[in-house]
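Common to both upcoming complexes is subunit A, partnered first by subunit B, then by subunit C.
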Partner chain A sequence: MSLIEVRDLVVNFHSRRERRRGRPNAVDGVSLAVRPDETLAVVGESGSGKTTVARCVAGLQTPQAGTVLFDGAPVGRVAKRPPEVRRAIQMVFQDPAASLNPRMTVRSIIAETWRTHRSAAPADRSWDDAIAELLRDVGLDPGVADRRAPSLSGGQCQRVSIARALALRPRLLVCDEAVSALDVSVQSQILRLLAGLRASRELAILFITHDLGVVRQIADRVAVMHQGRLVETATADDLFERPGHPYTRKLLDAALDLEGA
Partner chain B sequence: MSAITVRTRLWPVRLRSTPAVATAAAVVLACYLLVGLVGPLLIPYDPVATSVADRLLPIGAVRQDGTLALLGTDGAGRDMLGQLVHGARTSIVIGVSVVATCLAVGLALGTLAGYLAGWTDVAISRLIDVLMAFPGILLAIVIAGLFDQGMLVVVLALSVAGWVAFARLARGLTLSLRVRPWVDAARLIGVPTPVVIVRHIIPFVIGPVTALATTEFAGAVLSEAGLSFLGLGLPSSTVSWGQVIANGKDYLDTAWWISALPGLALTGLVVSTGLLGDHLTQRLGSSR
Partner chain C sequence: MTDALLQIEHLSIDLPGPAGPVRVVDDVSFAVAAGRTTGLIGESGSGKTMTATAVIGLLPAGAEVSGSMWWQGEDLVTMAEKDRRRLRGRAIAMIFQDPQSALNPTQTIGRQVGEILRRGGMPKQEVRQKVIDLLDRVGVPDPRTRHAQYPHQYSGGLRQRAMVATALAGSPQLILADEPTTALDVTVQARILALLRRIREEEGMAMLLVSHDLRVMAHVADEVVVMYAGRLCEIGPGREVLSSPAHPYTRALVVSVPAVRSRTAIAEPLPGSPASPADRPSGCPFHPRCAKARAVCRTEVPQMRQVAPGRQVACHFPEET
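Entry: the complex of A and B
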């Protein structure tokens, strides 16, 4: 069974009157599913609606129509979700520095998750020990705990974001362009980290990106979005070998052009 | 051919808020604070005790009992220095109370409106619009006129319209802060809304709001003087610069010092607060 399933999602950011005049939907009837152990990448150009799909899954955006099912049960926006569901879906954002409150230390950022979800807090040892271990798991020095976001690099910020998400032992990690703001060598480090965590923590990942190179590195399956619609879903191997939809082919050609140049 | 033209300012000399000016303003303010807090303890003054023999003494004159009236006396023979010093305390106490009230109410309502959006925002924003459409001093006059004279009534009357500026500023900043990813992350974790506002929004709003507080302080001091000048402010048992100015208006041609001295004191306080406020706005104006 799918861990998370999206059915016929419709989101429109325009006012009701403009919608009647035929302004297009940002997301127009998208359905997709993520299995408990896979990485699904959603690709598409800017404005294709992929981030909006991610925000609906996380519950940060309320769709006009359609449902999001978690473990087969429909879930609404984040404030209305039961604590267990809320805990199970965590997110890593695009802007590394802005993902962390610049006035808070890494320690208090991670501790905030446990203060909110007592059931996820480490019971058998001190929080400081648990934070140090978590930071080591994401490849950071435990000494980072006392620093704040403005003194960290983009890659370090993103690792802290991942640590914050993992602190709640989620089952689905939504990565919204999580490596787009990083330079290429840091990108592949973070991608390797995510792949490793996925294996060791039984994590499903919904990975939003515009970068097909990233897709090839991390995705099991790929969903291609174009102008709010899903145009193709395929396994990663199939997509790169035998792209079905003309738009997918165009995307691949554009990516190859860049690599060749 | 294109050329870069440098337009010279019409008024090249302008009192800009340089660090030096701001420091000077801060020193002046500190003096006012010191006079207002310590002065009344050193210089006893009784606003009810009058002395007909010592009426309208000019600056530096000697009273009947041989003591020096350093800044002269008013139409009832009361010491001007004592009035200025006690009036300073009144102005500071009123200004600080009004700003504290306005800041607390404005910050709470503004961040709530900006963060919750929807109906809360509509309700608070319309209330702000209504209060903005009404001259604040007029509202204060009406409220002060309705109740018995007193410190609390004056503070309330000036706060009713005063919180609006804080609320507008806080709301605007919150609107841009609530879409920051760290706020989204807190919502995803399930941090309760009041905690999100206090921990993830207010620390970034408080700087600009503090800068605004200085200018609002100047406004509150002026408004209090205005109310007292009209006889709607404080009871005559409390010294207020506004009252002193009003007392002196019959003697403007013969005993100018009665109105002029508290007027000068008021100007100095308001101008130095404004200059310091400009500087703080430059330093703390942005939300990060």
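Entry: the complex of A and C
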């Protein structure tokens, strides 16, 4: 069974009057599903609706129509979700610095999530030990625990937000351009971590990105969005070897590679 | 390098920091040849933007610059501010990463593109015509209507085109472009890169392109300059450096780039984090992360030396090229 499923999702940010005048939907009838142990990448140009789909999954956006199902049961806005569902779906955003409270230390940022979700807090050892391990997992020095976001680099902030998301032992991680702004050497470290977690913890990942090279490295399946609609969903191998839709072919043709430049 | 348009020699930049000045660019030398694209590569904080900003003379207040930047027999470092202003936007123009913040939201695109022309005393009607021609050349559709629109009415890709038009208005000999396509979608990015290449060929101008995106570099840079923690690592022809890097750091960057047209495994990450110029490691700044490091790397700063024709590297134990 799917861990998360969206059915016939429709989101429109325009007023009702504008909608009657035919302003297009930001998301227009999108259906997709993520299995408990797979990485589904969503690709497409900016404005194609990728982030809006992710926000619906995370319960940060209410669709005009359609449903989001978690473990087969419909879930609504984040505030109305049972605590267990809220814990199980974690999101990592593109702009890391903006998603971390600048006045809190990294330690209190992570500890706060455990105060909210007691069930995920470490029971068998001290919180400090668990925080140190999480930071090491994302390639940070445990000493970072005492620092605040403004004194960290962009790449370090991004890893802190990934550590915070993982602290809750989620079943689904929604990554919206989570590695796009990182330098390549840091990027491969995070990708390794995510691939390892997926293999070891039954973590599903909804991975939104415009970097097709990264998609090819970590995705099991790929959904291609164009102007609010899904134009193609395929296994990663099929999509890159035998793109079915002309728009997919256009995206692949535009992508640059180091080789053959 | 007899045809160097810009020759940077031993450039160092100190910025004021909470614990005293920080050397963010340290003893950097390279040349930008006329009519060619030189790519400045490096990770966040490596000093790329500071180097480009020094050329155009827009460093933050309190910055201390030493060394020389030779431009047509004159040293930009010691040149009087009024003479630098004369160059800025005319002989040397800059395109920024984020056209959103570089463009003024309250002025029409046309007004901003034509600013340098108006300041040069060109009559109003002529400016209008020239602006429309410029927008047309950079591929803004329907420039007769669109020159009167505001930045918010332009998409990200169109705004970047408008920025390019603004830079071209002064008929520059050198364009500095800082991450000009980083904020753009791949399809838009490909079109902007093609535009920059076309314009460079048509106008024969030189470009100093700053980017952390090696794929972009491989496609547009004739020469590349690789920096780490404010220092030079490697200089050479773009294609050669990116296909057979001589410096272990360049090599680590190259193998980290995921391919689209073939399936590659996720690269073995470098240990640790990029060094910050505020606490730059002793000797070779890359030594704490380098698999090839030996004792000498911790104590002695490797100097740039030639390893093959046109290729220089700062490493005690460079790769075979």
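Throughout what follows, the second predicted complex is superposed on the first by the 255 of 261 C-alpha atoms of A that agree within 3 Å, B and C clash if a C-alpha of one lies under 4 Å from a C-alpha of the other, contacts with A are read in each partner's own complex, and residues count from 1 in each chain.
Basically, a residue touches a chain if its C-beta (ideal position, glycine included) is under 8 Å from a C-beta of that chain, and two chains touch if they have at least 3 such contacts.
Just so we're clear, the structure is a prediction, and the values are computed from it rather than from any experiment.
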item: First (subunit B), second (subunit C), both or neither touched by A:Arg216; value: second
item: Touched partner set for A:Glu112, first subunit B, second subunit C, both or neither; value: first
item: Which superposed partner A:Gln90 touches (first subunit B, second subunit C, both, neither); value: first
item: Subunit B versus subunit C as contact partner of A:Ser99, first or second or both or neither; value: first
item: First (subunit B), second (subunit C), both or neither touched by A:Arg249; value: neither
item: Partner chain in contact with A:Gly154 - subunit B first, subunit C second, else both or neither; value: second
item: Superposed model, subunit A: greater residue contact from subunit B or subunit C; value: C
item: Intersection of the subunit A residues that touch subunit B with those that touch subunit C; value: none
item: Contacting residues of subunit A [partner subunit C, same complex]; value: 45-46, 139-140, 153-156, 183-189, 191-192, 195, 210-214, 216-218, 237, 240, 250-252, 254-261
item: Subunit B residues within the subunit A interface of the complex; value: 180-182, 184-193, 199-200, 203-204, 288
item: Subunit A to subunit B touching residues, read off their complex; value: 58-60, 78-79, 83, 86-87, 89-91, 93-95, 98-104, 112-113, 116-117, 161, 164, 168
item: Residues of subunit C touching subunit A in the complex; value: 43-45, 156, 185-190, 212, 214-216, 218-219, 239, 242-243, 252-254, 256-270, 273-274, 276
